[in-house]
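Shared chain: subunit A. Partners: subunit B in the first complex, subunit C in the second.
Moving on to the complex of A and B:
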């Protein structure tokens, strides 16, 4: 075995020397760690986080995005929005073939949007709600017909969010239990090779990929390792090369960053925008009082949490909309809860709200539920518990498993305050509206409006922003909206997580989209 | 003992296990109903939220909108035809998922049984022969320490020492996913990956068997038949190997049979640490996803495994001790 490695090294060195200095080197196997193992490889019916980390490499989207969240061509060479915003015309590439050799046409776009995503995709149902038809005047033109303008659509066409699937395959049989659910066929840079459950998914280079000369890698292997320490060990030893989105514990990411062969990047969450928050049950005393909610928001020590719980991988949240939307002009800050005299303000608010300190120094107590996503959430709960003790509020922590917690928070509303982890995603319409809009108060639906707070003004602002084609005008609507939400504070926004992606320095250009590890890895290459 | 009677014994025992396994299935099914939350909400949760219509649609597809007794009846009916149902979360038939995981689990269990029994018996035997010398004390103390150490800690330390520091073994997985060896090289590669998980899981049982073997040897040595043998003029060596050793094995074999259930449980931890693609990990994942079809399938498979191993143990008794008769 050793002889073979030496030989391979010798060959590789020779190859390297004979190449022009600037050319990207082809070949090699990249091992990515994804946690947990995806339940299936059907991104068109599920947005489960690990699925996209695999399938974004297999499928293409109509568009891709730059770090400024501006669209870039992909399967669509160009697009044009009509002046009234009610139709979008996509010009499609003519040289694209699916992995089975059949050509990609506008039929596939029509089928994917109308039959698959609009009907079955957990977020697509909302994103494409206003698409009434997709016209296909010729094989390489697809026209989206909309009931109302929906600027969100142009943000939601990446290979991760809206993968284009071949009609001749996925159109056969029931899409929900499709035979190819675990053996995806797309047009992306990598072809599905093999999935050994509990071990890995192997993706092989697509030699007929439409971007000439790409991908550089011969193979991509996605490994599944249940134990966090073992994941770290595998990365440290170079058995695996890339891991992100929480696959490596934050403290381990910090340790790994110190190693010479490893780089830790915090780019690649610009279109995901995860937010750590405290969700209040606004239908129940004492959290039906906005003053109490604001007081809790003031009391939460955001900087301490970032440094000590998330090991520096985050920044203080400034409102319901993530600062990642700054480049697109949709961001605006709400009330600043990080001011120096925040504890005094919190105390004052609670006094005003009618919760004076009792003889023992406490005001009231409640049970704080913890998001069951891992250890850092437990520590977050403890941090908040200590912060609240400063203002005389006693929190008791409760930790349950995911199904139980989901049911408690989103079906039974049997909670007072719970921590929560909600993503802003590619556009506020996708990730933000769901948290506070009155039409998203739906018992039994998870990750929607769990606080059950809403107001006619904020509803109206969101409805307007959803159909406003002009970005600047949208930004103004959102600025007013953010201010109103932060005055009511149905949710205390604590921090924006900047997920660390751990990358072996052998590989370059791993994170080249705002979707990070949800990118397609076509341009990843060895050094 | 005639082979015919052995065959009919095994057949009868297998027949007797059917009600046991059915009982296990029914109890498990009812127990799982008690856990709050269901697969539909988990799927929606994993998807980062979904409209209510989507969740209702899922429930109807899973048959979770039916009363519990109807669900149980349907499950049992399908089980008769070895149809373990479909895992909606993993988009694959349960039986297919189980069979894929059975190989690695049997490999890990098998190698652990061999290593822990082999070394455990050897250590117990030596300790008994060297009883009350410093060697006996060393073996006993080591056994107690190993027995008391948590599995996950042993696993992580082995990874740290033998994988990261010494670079002798890979950290995890069942084979090298960059090289993808074939044929003999693949066999060697899998064996190489098997060492650390087997060692981790074996250490605990090894300690158990060693202590049991030592006690059993000492007990047997004091019995009348040993004095008789000695009176017949047999050598000590022969007494130990032919008489004492064989009889002392019985409790160890019994314990090994009883421990197979525990071995499956212990393998959940070891499989998680070493990313070993066995049933244990699958069980763990499906529990937290409320993937009941899959979980029931795993319970069913585990029950069958435990029953079969115990049957094998009973048959081994007969060979070890001719006094034990089947029937």
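Moving on to the complex of A and C:
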């Protein structure tokens, strides 16, 4: 099948963008709160959550994405996938300059993909695994040569996921300890200004940005405030204007939404798709029994958790693939664990599994580890503990710090059940396969297959879906896959978090991509 | 000369303290009768204000605050008393040995004590809990570990003064062994400052347990007052009772222990009290 996607709209889009550009008021400083402070500003070697919130404004990607996860032009004006799916040709913009004034060319794309992301980026290693070469027939054409078709690549080219870095700068010296790791130079709408440790990063308007008339803002200040209630107060008073991705406690976000000067948006997580889940150790009794795992999944009260732990910022998860993939046709629901008679079903499953209630009403006990990400996880653990008490299962909670918990979960597998927070990301190949594929059972690698469950059928379905270029055909493969995973339930999917982004109403257009606060803020303007 | 009991009980502040502590003890012992349901059970609508179906309201997950307060008294007191007992036992041992033998042993033991004293005690407790992972037993261990040095210093000082007295020398001449002299002659005469310091240490231990729980380092499966404050702190603006109720309980308990402790001090050190 010949897929030819030429983004002919590119020119029209640029024209449309420059029209309202006249009407929007330029100028102003936007203060964004990011929590915690990023360890560095090197998004090409680290996916640590706060880094991208700063650097997605400094770098550009080859593509950007709409809320339907469909690609839009950015550094690449158009792209074309060959009929066999084994090469992707990008036509690059000719008018792009990096912040140091040097022009952007196909050399930079080749260097970024082959030398930087494919070798060093935690997810890029997997995303670009099948890219054997990037050819540069001329300065404004880059051709990705692939060993097998890899549709996932076209989902992973945003400024957040795959920032294009200038070869003449990052090609000098060791990329892992590069001199510009804390003073990034890209081609994005904002230039790096200053980083005062513990206080803020200042980004200044790039006057030579290739999108004419953009960005509107003169300055972007990213502040770091360690205390949660101080962050809320800063937003409330208008000292800060934007905060997202958990920087504001969920109950505070709910409270702030009631204020006249503040808007709380739940858009902008469509390409992140965070999932709250319970991970079972499927190699250890009693959780080696799928009936027990299903029973626990039935017992978890998803609606109570959403209302009282995440304060409404979530929806019940329907399976291993997030409902955010509905527009792209990759979503399918698994077993419905929210049915009205879920407690009876859970009790029946446990009886069948050979765990009848003992004289004291309990069936068995286990230790429930808590994801050490903050207070809501503690409250989540306490809620699940009470839910399980209803079916005669006694959970004892254990809290540890992050390194200990990661080691316990992903290296030693010394756990029975743990809560977990895993992102579906831009494509199931990136965020979903890692959780259940047999080749991702890797002791010591974090956020991969910690349940150690896999099956030849689901492995085969994932392998097929990874190379299937047709979205509808991929959707069918994933529908079967989701059903099989939910029957085995190595992981109980509880909810999809819809991160609230708190926005001061004097700023418009803050969330205009499915990456939310990981967007580039070029079109953000003051009212 | 007035007796100990008449001094102690002649002090009206002591009655106030004893009254509260007595009440607390009854509540702690009868917790399962007064509040038969699990304090962690979700029993009603979250964040219901006090005065409705639940006298003291419910917390952010719909747990009964009154039940939490009743069961919390048990854990709070138990952890504090156990930690204090361990601290007193170990501190007394270290102080007594150091004071009695003097010389090199004294130097080594006191440098060891000072090593613990130089680390800010609360930070040290946080580090210990982080290493040991939070649980009721580890709370006792951590609080005891940071609380014993003052006891050791007090006991050592007392032992130093007592051991030069004539009756101790008489015991030495009479051929009693070191252990017998320490246990039968010296230590009984160091009891009064020990009782006062120890009783006040319970108050410090309650505060330490609460502060650790507040920071999320408390025992996760045990309802305590500190846990209640820690769980309620994010909701201070919408649900004042979540932190206020256990906060007042901690305040009153610490105050009561201090009143009783001071009463003991006045009664055991009559020369001071008569001045």
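In this section, the second predicted complex is superposed on the first by the 505 of 527 C-alpha atoms of A that agree within 3 Å, B and C clash if a C-alpha of one lies under 4 Å from a C-alpha of the other, contacts with A are read in each partner's own complex, and residues count from 1 in each chain.
By our rule, a contact is a pair of C-beta atoms (placed from the backbone, for glycine too) under 8 Å apart; a residue touches a chain by one contact, two chains touch by 3 or more.
Here the structure is a predicted model, which means the values were calculated and not measured.
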Inset, instruction - For A:299, decide between first (touching subunit B), second (touching subunit C), both and neither. - result: neither
Inset, instruction - Go through the superposed model and pick first if A:154 touches only subunit B, second if only subunit C, both, or neither. - result: neither
Inset, instruction - Quick one: classify A:397 as touching subunit B (first), subunit C (second), both or neither. - result: second
Inset, instruction - Classify the contacts of A:467 with the two partner chains as first (subunit B alone), second (subunit C alone), both, or neither. - result: neither
Inset, instruction - Considering only the touch criterion stated at the top, classify A:386 as touching first (subunit B), second (subunit C), both, or neither. - result: second
Inset, instruction - Using the superposition on chain A described above, determine whether A:117 touches subunit B (first), subunit C (second), both, or neither. - result: neither
Inset, instruction - Mind working out whether A:249 is in touch with subunit B, subunit C, both or neither, as first, second, both or neither? - result: second
Legend entry - Superposed model, subunit A: greater residue contact from subunit B or subunit C: B
Inset, instruction - Check subunit A for residues that touch subunit B in one structure and subunit C in the other, and list them. - result: 229, 401, 404
Legend entry - subunit A-touching residues of subunit B, taken from the complex the two chains share: 35-38, 41-55, 61, 86, 88-92, 97, 100-101, 104, 152, 156, 159-160, 163-164, 167, 170-175, 177-178, 180, 185, 271-278, 281-282, 284-285, 288-290
Legend entry - Footprint of subunit B on subunit A - complex, ascending: 1, 29, 31, 36-37, 39-40, 42, 46-49, 120, 122-123, 125-126, 176-178, 181-182, 196-200, 202, 221, 223-227, 229-230, 233-234, 236-237, 239, 401-407, 410-411, 423, 434, 442-448
Legend entry - Footprint of subunit A on subunit C - complex, ascending: 38, 40-42, 46, 60-62, 130, 133-134, 216, 220-221, 231, 234-235, 237-238
Inset, instruction - Note which residues of subunit A are touching subunit C in the complex, please. - result: 228-229, 249, 251-252, 255, 304, 308-309, 370, 375, 378-379, 381-383, 385-386, 389, 396-401, 404
